[in-house]
Structure formats: C-alpha cells, structure tokens
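Some structures to go through are shown next.
In the two complexes that follow, chain A is the common piece, with chain B as its partner first and chain C second.
== the complex of A and B ==
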C-alpha cells in the first residue's frame, strides 16, 4: 500500500518536473540566437523565403500556440517531426537511444566492478599502499578530462597496440574504450566515497559488538559494514546515470558512437527545435525514472527507510 | 519485507535482461551485416566483398540535392546521381547525361540533347521530363536552399523524350557551372513520393544508395549496370561521420578508415612520410574573409579606417608562422577563379602589410578608440583562436580597440544578418572556380548586412552574372573586385586554405578537386 502511494506521488511529481522541463527546453532554444529557417536556406535568402520556410516548419505561429500544439501532440504520444531529418523525432531518438543506453550501462558496470572492491579495501586498509593507490586513482579519475583520457586510450590501445578498434559502433570491442572513458569519473567518485564511508562505519559501536560475537573478519566487512557504507554510493550512482547519459555527448563525439549525444549536438547546431525539445524531454523522463528506481532500491537495502 | 525483496529481485532481473537484450542486438547486427562491423579496413568479408570506408567530420543533414549542401552530400551526389554535363573544375565542360548543348544568341535559351540509354536505379527511364521536373522544382519552390540559383528560370520545355530547352528570363552567366553540379532526379518517383524520395535516393550514377543510419554510417553499393561503364573494383563504400579529428586520424593509421577529409593542416603534415598513407596537399578554393559592417555610425563606415584594417594585417606571418600552409590573400580570388588579377597579387598593391601606413590612415579617420566587435565562426580557419587573436593583436598594434568573440555558426549567422557586429570572420569556397555566387550573395544581396553600396561595383557584378562569355565575365568581375580592394569594403580577404586529403596507399583512382570535393566513382583498390 505504502509503495503504491509512494509511486503515485512520485508519478505526479515527475509529471510536474517534465512539464517544467518542456517549458524550459521550449523557451531556451527559442531565446538562443539562430533560426532554423535561415540555416536551411542560403545566406542570401529573402525575407519572404525565410517566412515561407518558417511557415513550412510551423514556426510562424505565436510561441504560446506553438507550445500548446507541441504539448498537445506530446500527450498523444507524438513528439513531432524533425526539421532536418524529415523523420519523426521518436523514431530518431529511439533508434539512437539503445546505443547510448548500452554505453551508459556498460560504463556503470565497469566502473562499479573496479571501484567497489577498490573502495572497500582502501577503507579497511587505511594508510597502506593499496589505500594510497586508490586515492591516487580517485584523484586522477576526477581531474582527468574525458577528452584527453579518451584520446590517450585510442592512441595506446587502438593505434600503438592495435588491440581495439579506434572508433565505430558494433561489437563488444568497440564499446570498451568509450565505456571506460565514460565510467572513469564515476569510479573515482565511488572509490573516494566508499573508502571514507567504510572507514567511518568500521568505527561504529555495532561493528565492535560483531567482533565481540566472534564473527569472521570478511563477514563483518561485507555483510555488516558494507550495507551501511553502500547507501551513499547507490545515491551517487543513480544520480550519475542521468549525468552519464548527458556526459555521453562528449565521449560519443570522440569515439564516433552513434548515440543520443551525437544526435543532440547535430540538433543543436542546426537549431532543429522539435528534435531538441524531444531529446530533452526524453532524457529528463529517463533521469526521473532512474531516480525513482534508486529511491525504491534504497528501502530494499535499508529497511529503516520508508517510502515517502 | 518479503515484498521489498521481491521488488528488488524484479528490478535486478529487469536491468539484467535489458542489458543482455542490448548486447544481443549488437551481436546480431554484426553477424548479419558485415559492413556494420567496426573495421573499415579494405576487407574481404565472408561474401568476398571489398569495402572502402571514408570519413569526414560532419554527417549528412539532408539528402535532397536541392537542399543546403554540405561536403558529405557533395561527395554522395557524385556517387549516386549524374548531371547533364560535367566540369573539370577549371572551366571546361564535357558531356554526361546530355550529349550536346547550345545557347541561343541572346543567351536566354539553352538546348540540350540527352542520352537515350539511361535508367535510374529504381527502374525509371531517364528522359527530358526528368530534367524538367528537377529544375522547375528548384525554380518554383522557394523553401529549397538551391532555389536562389534558378529564380530566373522561366521553364524547361520538353521538345521530345530526349531533347529539351531551358528558357530563362535573362541570360545566366553561371549556368554551365551550376548545371554541372545539379543532380538529375527521376520525374515520376519525385511526383509520386515528394520529399520521401530522399529516403531511397534513386539515381542514375555509378553507385547506388543502400542505407543511411544518421550519426553512424551510410552505405553505397557499386552499380554494375552503370551506363558510363563501371570502372571500380570496390563493392561497397561506407561513409562514417567522426567529428573528432584525432579519432579520424587514428582510424587512418590503423587502416579502419581508408579516406579522410577535414584534416587540420598541422595534423595532416605530421602524417606526411608515412608509408601506408598518401597525403595530398593542394592550394584550395576556400577563401577566409571578413565582412565589414559599414552602416551609419559604425567604425568601418569610414574608408580610412577600412584601409587601415587592410594594411595592418600581416597575412604572410599568419600563413607561415601559425598555419604552416595556405596562401596570403592580396586579392579576393585565387588563380583559376573568375575575376583573378595576377598583377595585383604579385605587387600586393592593395593589401600590403604596412603598420606605419595603417597608423597614419587610422589617424586620418574619424576613429576615436570605439570598441570594435570582431566575431567569428569557430572552425572556419584551422587554429581559429590563434589566427584570430593574431589579427586582433595586429589591429591593436595600430590603434584599434578590438573585442573578439568566437561562436558557433547559427549564432554568427543570426547576428551578422541583423548587422549586430563590426567585423565578421568566415569563409567561402569558390565551387567550380566561380566567384559569381560569392559576389551575388555577399555583395549584391548583402546577406552579411554590410550596408555597403557602390553602384558601379553592383552593376559590374550584375552584368557579369548575365554574361555567358567567360572571358568577358572574368574581366567584369576583376573590375568589381578592384573596387572592393580600393574601398576596403564590403569584404576584406585574409588567406586561402590549402586542401588536404589523406588516404591509405592501396587506394587508387580517386580525384580530389581543389574545393575539397572527392570523386570516388572510379575508386579501385590495389
């Protein structure tokens, strides 16, 4: 019952967020200088030609009317037609979304596989070489620019060693370098958080009592301490998935990955209004959904938390 | 508690399944379509196909040949379509879909005799109706980017299946140059499908369009029934847009990419001497220029201020020290382009670097240290920032007070067409060696909103636009450009860029034109 009420509440709040996003997206791209009709026509297009082209794109109507008709269509599941691709926005987006989702998911997996063990060990073995290594990793991971790191990977594994393809979309080999590049900042954050949380939790009284009970060392770490130390990590990972979807723009550009990121850049460059709006709306929806899932996951891990 | 565990389980399973599904999809794609796989090396796939991959920084925006052109679409159009006549990009024209042509005495009517043995890849026969449909569409629909080239086309008369006559309302000086790049579309399919035609792109060309996956790749297939005789031994050409220069170059080095364009000069020159790569460097037809807003109240409404700008820029220094390639521009066009004046270029008569003279000119002008808003599109010249900061510094050295802003194209175009600037840096390329487009667009239509009006200059350009005789056209344009150099307006020219194309050394028989467009029709692999 509580879960159902929570979900309903969350749904309403999400709709409100999406409504806000739609207004902001709609007005921001219209405030920004640049006119899609002018970009589609040669530089010496006449006023009349520009007006006719705007009419063809439906951009001649008052902004409020444009917004209302756009939202009306969205509510019926129609995201409109891209000005430049002459194809429905939903088609374009859902054709590209799997590539970005795949990249994000694998990036998260890789970064958690690296960072969780590293963070745990660094937390319980404070002051040792492993700890120093983990801190160094976190420092580099957080300060290294993704562009730079991506190019280094390409040079090393693509050009010099020839192990992995330098760019392109396709098999597992293609995804490795972009996923590592994308996941690097996340793993750095997780290592840092888990390291300090693990250390703090290990000082708690209840851990001392588990020692007193004679429970084995690793059982204490993994069963008793990790559960509490992991909570902030889940929050951060959830938030980061949204950011990774957006951050993928840069990584996709570097590796020529045909995801939502490259589509977004093209849409913005050409001021493809309907497409930009729809991408933002869909991305926001994904972000909201992921965050709701994270909240639910929270209560599963920590029964003290209540859904409300 | 139980319910929560259940929920967690469901969540976990959903995540797992979705990720597995995503991976599954990929695998399927790679096994079913060999060309979809990452490696673009000239490979013999399991069906024995030879595949060549070429890559540029941008993707296609439109597949409509009458839409706003971009480098990928120029190259694709040569592959999949034919034109009535072909140009060697040096003022000579040879037959293609048209076997012969003639012009009436008054220069208004052009007659063409067409080939009778050509079919489109969708099976539709090529005939005079296709010519009519292609050109009248551009003349009538003013929402098409190429409309402006055909405003004076009254009609195309179909005499019989293989003869047609273009009727213009006035003589059209750039006609041959323009039809040599105008792709002929199938009339029947165009009438039936409208804009949807550009999802399948049936043409008469040496290659057939297969598929377009935006942002990922476009595939072309050799057309063995090509009327002109198929000369290529490559089965498929795959186009990949990769915006990051370094990645494109890395792909070249590993052989994943066979042909690449849009390579910055310094990076291209670094690849010279590599055995596996051919680096082709030629003087190009791309000219970097600055438009000057000369309207009332603006700094550059004063001729002395404009000439001070002209003489304060050390063009040679920029070319030699910053770019390491290119040619300083002492005239609006380069050799081989209509309106060229060799004497003016050699003597540097109009744009000589002379900071003392520039200072004097500025002192004689009405300029009082007002801020000059200097804006530029990022990427219109290699090392945009360094080049523009050098210009800014050179201007500051003679007494200008300059605020520089580098921006993306859409913002620039909006600001420039509204006249909200003093100095705007961009580039133009003289496609087919003709400067008429530039002159009409930027001088006559004043699309850069310079507000500069010189009646003599405009009438010279107008006359040149209506002159079919190329020698006469050349002289008229030379005079028009001379006024631009004497007045320092509405445009000033900085430098022209070299054109670089890089390809793996097993590629043969590709033609790279001075404007950067590549003709890959006859491509062969050693």
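== the complex of A and C ==
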C-alpha cells in the first residue's frame, strides 16, 4: 500500500520533471544559432528554397504553436521524425539505446568491482600504503578529464601494447576501454565515500558492541559495518547515472561506440530539432526512473527509511 | 571463593595527537565467582576504560596498556590470541553498553543481533538461534513477534533490554554492565535494575556494575570500588563503605545525595572539576579539590590502607572527623 502510494507520487513528480525538461530542451535548441533548413540544402540555395523547406518542417510557425503540436504528438507516443535521417526518432533512439545501456552497465560494474574493495580496505587500513594509494586513485580519477584518460588508454593498450581494439562496437575487448573510461569518475567518488564511511562506521558504538559479542574481524567488516557504509554509496551511484549518461556522449565519441551519445552529437551537429528533443526527453526519463529505483532499493536496505 | 577476574596494577593511557591521557593509573581489583562489584566515579574516572580493557577492546593505536595485567580465570586477556579472545567475548564475559541508542546496529533486526551471539558461540543453526533468541526476548519482557523489527522501532528502555538479552544469551560467567541505565529515564531504570538483579541471581553470574549512581550500587552490589582519576580511592563492602566512608571523595559523593529520612541537612558539593587526565596533579589526585588536604597529599601518592576486614581507603588524612578538626 505504502509502496503503491509512493510510486504514484513519484510518477506524478517524474511527469512534472519531464514536462520541465521538454520545455527547456525545446527552447534551448531554438535559442541556439543554426538553421536546419539551411544545413539540409546546398550552400547556394536561394532564400525562397530555404523558406519552402522551413515551411515543410513547420519551422515557420510561432514557437509556442510548434511546442504545442510537438507535445501533442509526444503525449500520443509520437516523438516525431528526424529531419536528417528521415526516420522516426523513437526508432533511431531505441536502435542506439542498447549499446549505451550496455556500456553504462558495464562501466558501473567495473567501477564498483574496483572501488568497493579498495574503499573498504582503505577505510579499515587508514594511514597505510593501501590507503594512500586509494586516496591518490580517487584524486586522479576525480580530477582527470575523461577525454584525456581515454586517449591515454588508447595510447597504452591500443597503440603501444596492441592488446585492445581502439575503435568500434563488438565483444568484450571492445567494451573494456570505453567502460573503464566512463566509470572512472564514479569509481573515484565511491572509493572516497566508502573509505570515509567505513572508517566512521568502524568507530561506532555498535561495532564495539559487536566485537564484544566475539564476532570475528572480517565478519564485522564485510557484514555488520559494510551494510551501514554502503548506504551513501548507493545514493551516490544512483545520482551518478545522470553523469554517466552525459559522460557517454564524450566516451562514445572517443571510442567510436555507436550508442546514444554518438547519435546526440550527430543530431546537434545537424540541428536535428526533433531528434535532439527526443533524446533529451528519453534520457531524462531514464534518469528519473533509475533514481526512483535507487530510492526503493534504499528502503529495502535501510529499515529507518520509509517510502514517502 | 575463587577469583574469576583479577585486575593487577593496570595502567592505561590514550595517546593521540593532542597528548597523552592517563585514564587508568594502577588499579587492582578482584571479582570472585558469583560476586557483584560496583565501580563508581565521576565521568572520566576511567570506569569504561577498565571495562573495555577487560575485553581487550581498547581502541587500536590510541589505547595503550602501560602497565599491569588482567587475568580471567588465571589467563591474561592481553596474551590471548584472536581465537581465544573471540571465544571469551560475548560468551564467558559479556558487556552491556552505556548507550542503548547507539550500541545496536541500525540496519540489522534486533533478533539478528541477539542470535548472532548464539550462532557464534553455541554453533546453533539459524532456526535454533531464532528460537532461543525469542526465548531471551520473552525473558526480558519483549514479545517474540518483534524478532524481525529494527532498533529504530523500539524505545530506549526496550533497546537496552535487547542489549541485556544479547549479553545474557550465552550465560556468561562475568557480566560487565557499563552504566546500563544512564541513558534511560527513572521508571525504566527501575525495571532494568530489577531485571538485572533477578537474572544475576538466577544464573549466579558475576557482575561488574559500572555507574556513577550510588543508589544502583547499594541496590545490586556486595562490594564497591570508588574511583577517582584512574585510581581506586576506596574499596570495601557496600555496607561498610556507604555507612562509614573514609576517603574525602567518597564522603563528598555521599554528602551530595539528599536524605529521605531524619533531619534535613544542607547538601555538600565537591568543588572544582574532575582532574584532567592529560595533566594529572602530583600526589593524591584528589588533593586540589579536597578540603582536608595536607602537605603530604600534594607530593606523595597514598596507597590503599586496610581499615577493617573488608574496607580499604587511600588517603593521607582520613583520621580527622567530619568537622575537619583532629
């Protein structure tokens, strides 16, 4: 019952957010310079030809009218037709989405596999060499640009060592470098948070009282302390999903990954208004959904949290 | 009676970046089988340090055993390996913590926090541990249907009863209760004390009751040790110490309690503050606050002197009468 009410509330709030996103996306694209009609026509096109093309695309109508007709279609499940590809936006997006989803998911997995153990060890072995290494890793990971890091990876593993392919979509070898690049900032944040949370939790009374019950050290670390220390990490990971989707735009470009990111860049370059709007809307919807899921997951792990 | 726990010349210091705190400075204590010993003193007297040292649970890198030893059944707890320690903690010696609001893990059910002790020490399966834990909950007056509830769903008093249930789960030989009622309101305090008294008698558990509440001591304990600044200043049977206090600190503590019967007297207060463990006074640690301080007190540390069969005090100037005249 409580869950149903929570979901309903969240659904309404999400719709409100998406409505806001649609307005912002719509107006931003139109404020930005560049005319899709001009880009579609040859350079020596006449004024009249441009006018005609604009009329065909509906760009000659007032902006408010354009928005209302666009939203009317969106509410009926029609995201419109891409100007450049001449294909429905939903088709284009859902063809590219799996590649990005795959990349993001693997990026999250790799970065958590690295950062959770590192954060735990740094937290319990504070002040040791491992801890210093972890802090250094977090510092570099958070401050290094993904573009630069991606290029360094390509240079080392792709060019010098020749172990991994530098471009393209395909098997595990292809996804490794882009996923590591994409997940780097997330792993840095998780290491930093888990390190301090683990340290703080180990100072808590309830950990001393667990020791006083004769429970072994590692059981305390990995069970009784970790569950507490992981709570903020879950929140942050959820919020970082937005960051990852944004990062995918850059990382996909570097590694020639045929996902949503590449599509976004192409759409922006071509001033493909309907496609840009649709991508932003879908991405926002994914972000909102993931955050709702994280909130639900949170209440499962932390009994103090109630859904409301 | 055989001695169960022997604390010998124990001195503990906490070393941090800000300096060294001498929390415990040469303590000798013995607890016999089935005996209940009270340890009283102000906040910062080193009571909790003694409790944690007994379980070898001082904070790593910060808490240092400077001198002395603690023997449990003749074996030093500081010499025990990890396995022996784990086997002792929660099983042979268990502890009830001061603050029930922080000593239970917020993300595990209270049932889990009791049954983990049983699974660890009695090698019970999950199901057996659950059944036994439910019995323990019933014993401390909590419905067994609440096994799957989390600490935040309980009041402070109930959480402390959960702590007690977990501490008693394995029938420990020694129970250390570190101010078990300080965080609770008075009506709940009475319930908890009643419960502890009953359980202690039923299971003939030895008890180390740490508190700054003299009423609790006289209620539950046979013997009492009064601590000041990491030293024992007076020790003896509760009856003897409370009716015939010798050390000026003990007299001060007792003088600060209002009487219910007889003529009303003005309450006396001990002036000044607790000695700073980072900068302890020379001689008797209590001398800067003592009205009866003489020259010897300032330079030389008094040792415990036997007054009667079961009564010791450490004071250079205890022969004066209450009016302060010799």
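A few remarks follow.
Definition applied: the second predicted complex is superposed on the first by the 306 of 308 C-alpha atoms of A that agree within 3 Å, B and C clash if a C-alpha of one lies under 4 Å from a C-alpha of the other, contacts with A are read in each partner's own complex, and residues count from 1 in each chain.
Criterion: a contact is a pair of C-beta atoms (placed from the backbone, for glycine too) under 8 Å apart; a residue touches a chain by one contact, two chains touch by 3 or more.
Computed from a predicted structure; not experimentally measured.
When both complexes are superposed on chain A, chain B and chain C end up sitting side by side without clashing.
Residue contacts after overlaying the shared chain place A:209 against chain C, while chain B stays out of touching range. On the chain A superposition, the C-alpha centres give an angle at chain A of 160° between chain B and chain C, rounded to a multiple of 10.
Of the two partners chain B and chain C, more residues of chain A are touched by B. In the superposition on chain A, A:217 makes contact with chain C only, while chain B stays out of contact range.
Of the two partner chains, chain B is the only one touched by A:34; chain C is not.
Of the two partner chains, neither chain B nor chain C is touched by A:77.
Of the two partner chains, both chain B and chain C are touched by A:303.
Within the superposed three-chain model, A:105 lies in touch with chain B and out of touch with chain C [touch as defined at top].
In the superposition on chain A, no contact is made by A:62 with either chain B or chain C. When the two structures are aligned on the shared chain, A:228 is found in touch with chain C, with no touch to chain B. Nowhere in the superposition do the C-alpha atoms of chain B and chain C come closer than 8 Å.
Shared contact residues of chain A, touching chain B in one structure and chain C in the other: 303. The touching residues of chain C, when paired with chain A in their complex, are 52, 55, 57, 82, 85-91, 94-95, 97, 99, 102-109, 116-117, 120-121, 150, 152-153, 163, 166. Interface residues of chain A facing chain C in the complex, by the touch rule stated above, are 204-217, 224, 227-228, 231, 301-304.
Every residue of chain B that touches chain A in the complex is listed here, in rising order: 1, 3-5, 7-8, 11, 18-19, 22-23, 25-27, 29-30, 36-40, 59, 61-62, 67-68, 142-143, 145-148, 195, 198, 213-217, 240-244, 246-248, 250-251, 253-254, 256, 408-411, 413-415, 417, 440-442, 444-445, 447-448. Chain A contributes residues 3, 32-35, 38-46, 48-49, 52-53, 56, 84-86, 92, 95-96, 98, 101-102, 105-106, 109, 151, 154-155, 158-159, 162, 165-175, 253-256, 258-259, 262-263, 265-266, 269-271, 293, 296-297, 299-300, 303 to its touches with chain B in the complex.
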